[in-house]
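Take a look at the structure below.
Lettered A, B, C and D in written order, each chain numbered from 1.
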Amino acid sequence: MTVDLLLLALADGVSYAGLLFLVALGLTLIFGVMGIVNVAHGAFFAFGGYTAATFVVALSGPDTPAIVLLLALAAAAILVGLVMGTALEAGLLRRVQDKDPILQLLVTFAAFMIFEDLQRLIWGASPRSAAAVVDSLGTLELFDVTYTRYQILLVPAIAIVAYFSLRAFLRRTRIGKQIVAVTHSREVATALGINAKRIGWFTFVIGAMLGALGGALAAPVTSLVPGVGTDWIVLSFSVVATAGLGQITGALIAALIIGIARSIAVYTMPELEVVVPYLIMVGVLLVRPSGLFTVAQARRI
Amino acid sequence: MSALVRTEKLSLAFGGVVAADAIDFELQAGERLAVIGANGAGKTTFINIVTGFLKPTSGRIFIDGKDVTALDPRRIVRLGVGRSFQLPQLFLEHTVRQCLELAIVGKAGRLGFFRSLSAQADQKEIDHTMELVGLRERADDLASSLPEGQRKLLDVAMALTLRPKLLIMDEPTSGVASEDKHDLMAAVMRALSEREVTSWFVEHDVDIVTQYATRVAAWISGKIAADGPPDQVLADPTVKREVLGVA
Amino acid sequence: MGLRGLLGAAALAIGALTGTSAALAQDKPAQLKIGITTFMTGPASVFGVPGKAAAEQWIEDFNAAGGIQGVKIAPVYLDEGLGGDNLLSEYRRLVQEQGTKVMLSAISSGNCNIIAPVAEDLKVLNIMWDCSTEKVLEERRYKYVVRTQGNATTEMVATVMYLLKVKPDFKTIAVVNQDYAWGRDSWEIFRNTLMALKPDTKVVAEMFPKFGAPDYSTEISRLSALKPDVILSTAWGGDLDTFVRQASQRGLAKKSVLVLPLIESSLERLGSAVPDGVIGGMRGDHYFLHPEYRNDAKHKAFVAKFRAKTKTYPIYPVYHMVQALEALAQGYEKAIKANKGKWPTTEQVAETMRNMEFRGLTRPIRMRDDGQGLEDQMLGITKAVPGLPFPVLDKLTIIPATLTTAPVGQRSPEWVKTVKPELLTSPLIKTYGDTAPPAN
Amino acid sequence: MSTNLVRTMVVIGALAFLGLGLSLPWLKTPAIFVLSYGLAALGVVVMLRGGQISFGHAMYACIAGYTVAFLQRAHPELDGLVLIIAGMVVATLAGGIIGVFVVRYRAIFFGMLNLALSMVLFSLLAKMYEISGGTDGLRIDRPTLAGITFDRSGYESALLIGSLVAAIFCGWLVQRYFRSAAGEALAGIKTNEARLEYLGLSARRILWSGYVISAALVGLSGALFALVQGLVTPEMGYWLRSGEFVFIAILGGSVHAIGAFMGAIVFTVIKLGAAAFLTGVWQMLLGITLIVVILAAPTGIAGLLRIGTRRAPEGGAR
C-alpha cells in the first residue's frame, strides 16, 4: 500500500463519504427532532435518484451546459423531499406521534415497503442512470489517474456546503433555533410557544430533501435499480449510529471514517469492502453505546 | 453492635454542583430517622448513593459493617435494604397483585420459567401486605389505573414485601391527600414495628416528622447541618431559617 | 381435546399423506405447459426482458405453425429477480400445482445450481437456457436436466485462446468479476487455462464487487493506478453497463486492453461509451452480423421481426432462448417418432434430447450424453463504424466447442490445466476480416 | 375464558393446516413457511415483551440454516431431526454469547447493535464464496426424517406435521414462560427496569434469558426453513427479513404466543395472494396492512380478540 495508492484511496473515500454524509445528515436531523429513526429514508434516496435520472435524461442534449443538469439534480431533490417528506410526516407520522416508539418505527418501515413498490410501478425495473452529468463536467488527472470532476470535486463540495449551511441555519436563523429547541425538548419548546408541529414538518422535509439529494447525486455515478434504497438505509444507519443519533458534526466525521475505510479496503482487502461499515458500527457501539459524539444521559428516578 | 448504615467522607459533585460534601453519617438499628431539607439539598442524591444507584466521587459506605461502596442496587437490596421512591416506580402494565408478586419472587432470588408467577409467589404474605396498606380491593387492577396516593402506597408496599431490615422511603406522603397522610404513616409504622424494621424517610410535613421520627437530620446544600432528637433539631435557628423558612 | 389428543391425530395423518406422485400421462395433452424463468426486475432485467420478448415471439410463430403436432405451447414466466428462495417456491408451485411439464430455467448460475436438484426431485424436464456454470452438470449426472448452450469452460478457454492470438505478449492481468457463482467460476477456469497456456503471466488484482453493485469508481481508480496490460471482466447486464460507462469516462481503456466476454449484450445500450479495441465475446456465435449466417433466411427474418417489435437488435440471451425452445420442439418431435407417434413421457423427451443435434438461429448445437450442449464460440474486437450508433465486433474468429469443452465426466478446473498451446493453431478455427455494418 | 378460546383456535388451526396439506399438495411448503415465520415472530415477541425491538434477529435463522447446511455437507447421512436440533442449538449458543453484549443496550441502541451484527454476518456470508457459497448460498439435499426416507411430497407432509407439533409445543411453552416469574419480570423491564434492580433482580440477566429463548425460537424457524427450502442464502439474515419478523409480531400482537402465528398466517396469505393476482405490489399491500393495524389495533390481532389480557390472570387469585 504505497503512499500514492493511499492518496488515491483517500480521493475515492472522500467522494463516497460525501454521499454517505448527505443521506446520513437527513436521517440524523429527523431523529433529532422527531425522535424516531426513519426506516423510509432509503426511499427518499431512491426516489431522489430516479427523479434526477428522469430529469437529466429529458434535459440532456449533445450540448446541454453542465449547470442545467446540476440544477435538474437539485430540483429533483427539492421536489422529492417536499412531496414525500410532507406525505410521510403529515400523512402518517403525525397520527402516531403519541404511540409507542416501536410502532412509530414500524410505520416508517411500512411506508418504506409501500414506496419500494411505488418506485417500481413508476420507473419499472430496468436500470436508470444520469451519466450525462458526469460527462458534461469532464475529467482531471490526480497522480496520473483520471478522475471525473463530478466525483472528486463536486460531490464532496456539495456535502461540505450542505454541512456548513445547515450548521449556520441551525445557529443563526429563527427557525433554526426553534428546531434546536424542539430537538432538545419538544414539551419545553411547545411551552415556549414554538409551533412544534410546523417545526416537525419543516425539519422532516429538510431531512427528506437531504436524503433525496444523496440519491440525486448518486444517480450519475451508479445505475439505479429496484432495491438500491434498501442498501442505503442500512449504510446511513451505520453512519448515524457510529456518530451518535442527532449529531450533525459527528455524522460528517463518521461518514469520512467509513468512506475512507471502505475505500482503503478495496485496495488492501477487497473481500472485506462490503463488511467494513458494519464492522466499524459494531466496534463503536460496543465501546460507546450511544455513538462517538453523544454524551450518555444519566437515567433519572 | 456496628451501625446498620455508616458513611465516611461521602462526596459527589455533578459538574460544579456539590450534591454530597464529605458526609459522615450513622444509622443504628431500630431508629426511625426523618430527613428534612430544602429541595436540591441532596436528600434524594444521598439515598441514591447509599443504595448504589449513583457512585460517589469519594468516601465509603458500610451496611452492617460491610463495605458496599462499589455494589449496585441489586446487591445492596439483597443485604436487607428496601427503598420506595419520590416518584413511585411501579410496573404500570402489571396489576397491583403482580407488582407485589414480582417483589416477593425477587426476594427469593430464583425466577421460575415454567410455573406461573402467581403460583410461585406466597399469596398469604401478599394479601397481608395489601391489607396493611389498604390496597386489597384494588388487587387485580392495573397499577396504571391507581391514583397518585395509592401508587405511593403500592410503591411502599413493594419495598415492604422484601421484608427489609432497613426501609428507606423518599417522601412517602408527598402526593397523598393531607387527611390520608397520617393513615399511611400509621400503617407503615405499624408494619415496621411488627417486624422491628429500621426506617429512614424524607419528609416535609413537620407534624409527620414530630409524630413518627425518633431522630431528625437536616440537609443543607450537601451537608448535614443538624442531627439529633426531633424537637432539638426543629428548634435549631439555622434549620428554622434554611429548611423550615420560618423567620 | 388437549395437547395429547392432537398429537395422536397428527401421527395418523402422516400415513395418509405419503401417496406416490402422478401416474404416467400417455395421451396428447390439450397444450404443453412450460415455465420460463427470466429476470424481469433488477440489474439483470436488461437481459431477462429481451429473453422474454424472444420467447413470446418464437412461441407465437411456433403455435401459429401448428405447435408440436397440433399441441400448442403455453408459457408461464417467473421472475428470477425475486431471489432464490421466492423463485424456488414459485417453481415448485408451477410444477406441483399447475402440472407444468417443462421448465426453461435459469439465467443466473446461482439459480441453476438451486433449481437443478429440485427439477430432478420433481421429475420435470429442466432446460438450462442461459446459465453457464459448468459445475451443475459436472458434479452430478442428471436425468431431467440439460443445457442447450455452452458452459463457462467452453467460453473461457475460447476467450483465452482469442486473447493470446490477438495480444500474445501481455505480462500482467487484473480481474473485476461479479461476486457470485458465474463471476467466481469463470475466473477460476480463465486463470487455470491462462496459466496452462502462458505460465509467466502475473495476476496483479482480483476484485469481486457485489452482484448489482452500482458504483465501480474505487475499483477503477485502483486499476488505473496498477495499469495492468489486460483487464478481464465477465460481468453482464446492468453491472457491465455501469463498469464500461465509468471506465470509458475515466479513460481506463487507453492504458489497458479490456477483455469483456459478454459485451455483445451491452453494445447497443452503451453505444459510443464503448471504446474501440475492446476484446469482446457473446457466449456462443450469436451475432446479428454473424459472417456465416447474417443472410440466412430464418435468422434474418427473426432479427427483422424482433427489431420491429422491440426497437433493438437481438442480444445473445435472445439467441439462447430461441435455441432452448428449438431444442425442446425438436426433442418432442424426435421422441414422438421414437414412441411410434404417441405423446412421449417427460423421461423419454429428456433421454432423446441427450444425443441430438439441433439448430437455433446460427451454427447447429450438438447435445452430449451428459446433457451439455456443444456451442461454438465467436469473439472479436470492438470498432466504431459509420451508420451504426454502436460499435461492431471486428476481426471475428469462431472457435469450435469441441476444442474448448472438457470431455464428458471430467472436471473443468483440472482439465483446462492440460490444454496445450498447439490448440491455438488448430485448422478448425475460422477467422474473418472486417465486419460490415448492417445494410438497412 | 381466554384459555379455552385459545385452545379451540389451536385445534381448528392445526386441523386446517393438515386438511389444506392433504387436499392441495403445493400448499404444504407455504404452510411450513407460515409455521416457520410464526416461530421466528414468536422469538421477536419475546423481545417485544421486554420492550426491546431488534432489527437483526433474522441472523439466528441464518446461523441455524447454515449450521444445517454445513453439517449435512460434512455428514450427508445425518437425520433431519438431528440437523434441526443442531441448528437450533448453535443459534441458541450464538444468542447466548452475543446476548452478553447486547443486553447492555436498550431501545434504539439495542435495535441498532442487533442490526449491525446481522449485517456483518450477512456481508461475510455473501463474501466468503468458497466457504458459504456466497450470495448463491448452499444447497441442502433431502435428509431422512426420524429415520424414514421420503419422496418429495411425503417429506413435505412429514415436515408439515413436525413443524405443526413444534409450533404448538413452542407456543405452549413460551406462553407458560410469559406467565412465569421470569416472563413477567421480562415484561417488567419494559415498564420499569430500575424497580427490578431495587427488587434484587438483575435486569440484564432477565433480558439475557429472554434473548436466548428468542434466539432459540428464531433458530428453530431458520432450521425448518432451510430443510423445507433445500437452500440457505445470506438473504435469510438480511435486515429486511428481520423487519418482516417484527412486522408479523406486531400484526399478530404480543399479548399471547398465538398472536405470532396469526400474524404469520395473515402475512403469508397477503404475500402469496398478492404475488399470484396483483404481481409486484405485495410489499405495498403488506405495508398498508401494517399501517392499518398500527392505527386501528396496536395490540395486534390477538389483542383485538382479547386473548390473554391482563384483566384476569389464569384462574384469578388462588
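Everything below uses one rule, namely that contacts are C-beta pairs under 8 Å (C-beta built on N, C-alpha and C of every residue); 3 or more make two chains touch, one makes a residue touch a chain.
Note that the structure is a prediction, hence the values are computed from the model and not measured.
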Exercise. Of the chains shown, whose Cα mean is nearest the mean of all protein Cα atoms?
Worked result: D
Exercise. Using C-alpha centroids, which chain lies at the maximum separation from chain D?
Worked result: B
Problem set entry | Rounded Å distance, chain A centre to chain C centre (Cα mean) | 38
Exercise. Hey, how far is the Cα centre of chain B from the one of chain D, in Å?
Worked result: 43
Exercise. So, what's the distance in Å between the C-alpha centres of chain C and chain B?
Worked result: 77
Exercise. Which chain A residues sit where two or more other chains touch them?
Worked result: 120, 271, 274, 301
For this session: Could you check chain B for residues that touch two or more other chains and list them?
Result: 53, 89
For this session: Hunt down the residues of chain C that sit against at least two other chains at once, touch-wise.
Result: 41, 208, 210
Seminar exercise, completed: Interface with chain D, chain C side, in the complex: residues 1-3, 6-7, 9-10, 13-14, 16-21, 41, 83-86, 88-90, 92-93, 96-97, 108-110, 113-114, 117-118, 121-122, 179-181, 184, 208, 210-211
Seminar exercise, completed: Touching chain B in the complex, chain D uses residues 176-177, 179-185, 187-188, 190-192, 194-202, 206, 209, 310-318
Exercise. So in the complex, which bits of chain D are touching chain A?
Worked result: 48, 51, 53, 101, 104-105, 107-109, 111-113, 115-117, 119-120, 123-124, 126-128, 194, 239-240, 243, 246-247, 250, 280-284, 286-288, 290-291, 294-295, 298
Seminar exercise, completed: Within their complex, chain A touches chain C through residues 4-5, 8-9, 11-13, 15-16, 120, 125-127, 129, 131, 134-135, 139, 143, 145-148, 151, 218, 221-228, 262-263, 266-267, 270-271, 273-274
For this session: Write out the stretch or stretches of chain D touching chain C in their complex.
Result: 7, 10-11, 14-15, 18, 21-22, 24-26, 29-30, 33, 126-127, 129, 133-137, 139, 141-142, 150-154, 157-158, 161, 164-165, 168-169, 172, 229-231, 233, 235-236, 275, 280
